[in-house]
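In the two complexes below, chain A is the common chain; its partner is chain B in one and chain C in the other.
Here is the complex of A and B:
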């Protein structure tokens, strides 16, 4: 009997200690779409005939 | 700005009238999971490696003196060559929205982000459908672009892309009709009919479909 019960108990204890898995954050309903590269930004801006908004940042 | 200005709904709406690029050489933001996707913890939809890579590419041009005030917001012409507006230090939401509005006005008629997304997705769907021999779906996707945005002057390059795809499909249909004529001349009436039937049924809306219908009517009866 112990042969089966002990591994199950061990697994349950491990799961309890590990806690719940990281929940993914909620996908924002809408957000700024950032181009992934300058090539992409310029190609799309030309195709759409729209200005390019450049944000330079540095963390504090 | 990352936590206060960029999530602002008016800024998000204004951002759809331009193309946005984020430049930050810090690579220690970590990642955050959103559903099945994983992005930079500070910038939804962007990976740290992208904003790090974007930073040095144009910074020498935008800051020739070498010092980069933090933050700096710049609006450029569509070719990325000419500056239209610059703000050193934090740009407040309204200030950024007004600057974008003015730059868009100076640039002239353009395509909004949502419309562009619709068109690029339809064109990609058309490409996939034609490649996978789902011609009807490809024609429908191209026609969606043409019918929805045909009267928008700024959408002309995208409309031309859709029209080019339809022209290519029409050309292929005509080649198949020519092939059916060869079969018919060689006496394979059933083979010719099968090709014409396929072109007539699947290429509806294109000239080759009507031409296939006429050719079918003109076929001699199989013995």
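Here is the complex of A and C:
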């Protein structure tokens, strides 16, 4: 095998494994995108440099 | 607030400048099917398991004792509390409070732009994995174009890293073709240059491949003229 082919394959494999963070299910544009965990909220807030809104609720 | 505030279009618009977290230990409101999955009837972007789990994660974090529900907490991007309120707020009150906090903390990246960037980064990685390098470059470049938006540094840095890795792969393809050509395997070298040209026509890399192909064809013609056909 040519000596250049291996690095190319290795890079492709690295790219495939490096996947993006979990993406939310399709959220309609006209609704709030709620984070599904506190850790996810912190990670996203840090990446975007935005504040976090925490809502506590109970059923009536 | 579930129906009066969280469905309000002005609040939804304001929420895009935040990360929003919803905690509730209740599930009596029921579920509805969304794309085949059982989602919370009040907030179909979540499952009831999600908001019950979140409730467990945040319940003791910002309040102690009995809380007057609904309650709201505003935090900076590290999760440190910057304000809180017990009891219901109107959309207007909530938006005003959020604007105050935003003023203190400065602008960040909007959620639409952030998720668009995530989508393009994922497309870039996928294209790299499939060796569709021009598509990968295009996807990563779309994110790099967001560079001037506030709060875009993290996603832009990831896109730049993706571009760097893709460019290394492109350079390796050209080096591979050059080496095959130097070794005298002209038919295979031609195939390699043609593959590069198919992806990168009109670019600097494409021009290099085009030039190499033209040189090889000219060399073949010259040899034929001299009555000395090229070795295969």
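The rule we apply is simple: the second predicted complex is superposed on the first by the 31 of 60 C-alpha atoms of A that agree within 3 Å, B and C clash if a C-alpha of one lies under 4 Å from a C-alpha of the other, contacts with A are read in each partner's own complex, and residues count from 1 in each chain.
We adopt the following convention: a contact is a pair of C-beta atoms (placed from the backbone, for glycine too) under 8 Å apart; a residue touches a chain by one contact, two chains touch by 3 or more.
Given the structure is predicted, the values throughout are model-derived calculations rather than measurements.
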| task | Name the chain, either chain B or chain C, that contacts more residues of chain A. | result | C
| query | What is the contact status of A:41 with respect to chain B (first) and chain C (second): first, second, both, or neither? | reply | both
| So, A:32: does it touch chain B (first), chain C (second), both, or neither? | both
| request: Kindly list the residues of chain A that each of chain B and chain C touches, one partner per complex. | output: 24-27, 30-38, 41-42, 44-59
| message | Please output the residues of chain B touching chain A within their complex, sorted ascending. | response | 1-2, 6-7, 9, 11-12, 15-26, 28-29, 32-37, 43-47, 50-51, 53-55, 57-59, 62, 68, 70-80, 84, 100, 103-104, 107-113, 116, 154, 157-158
| note | Per the touch rule above, chain A residues touching chain B in the complex are 22, 24-28, 30-38, 41-42, 44-59
| Mind pulling up the chain C residues that touch chain A in the complex? | 1-2, 6-7, 9, 11-12, 15, 17-26, 28-29, 34-35, 37, 43-46, 50-51, 53-55, 57-59, 61-63, 67, 69-79, 82, 98, 101-102, 105-112, 114-115, 118-119, 121-122, 125-126, 128-129, 131, 150-151, 153-155, 162, 165, 168-169, 172-173, 175-176, 179-180
| query | If you look only at chain A, which of its residues touch chain C in the complex? | reply | 2-5, 7-8, 11-16, 18-21, 23-27, 29-39, 41-42, 44-59
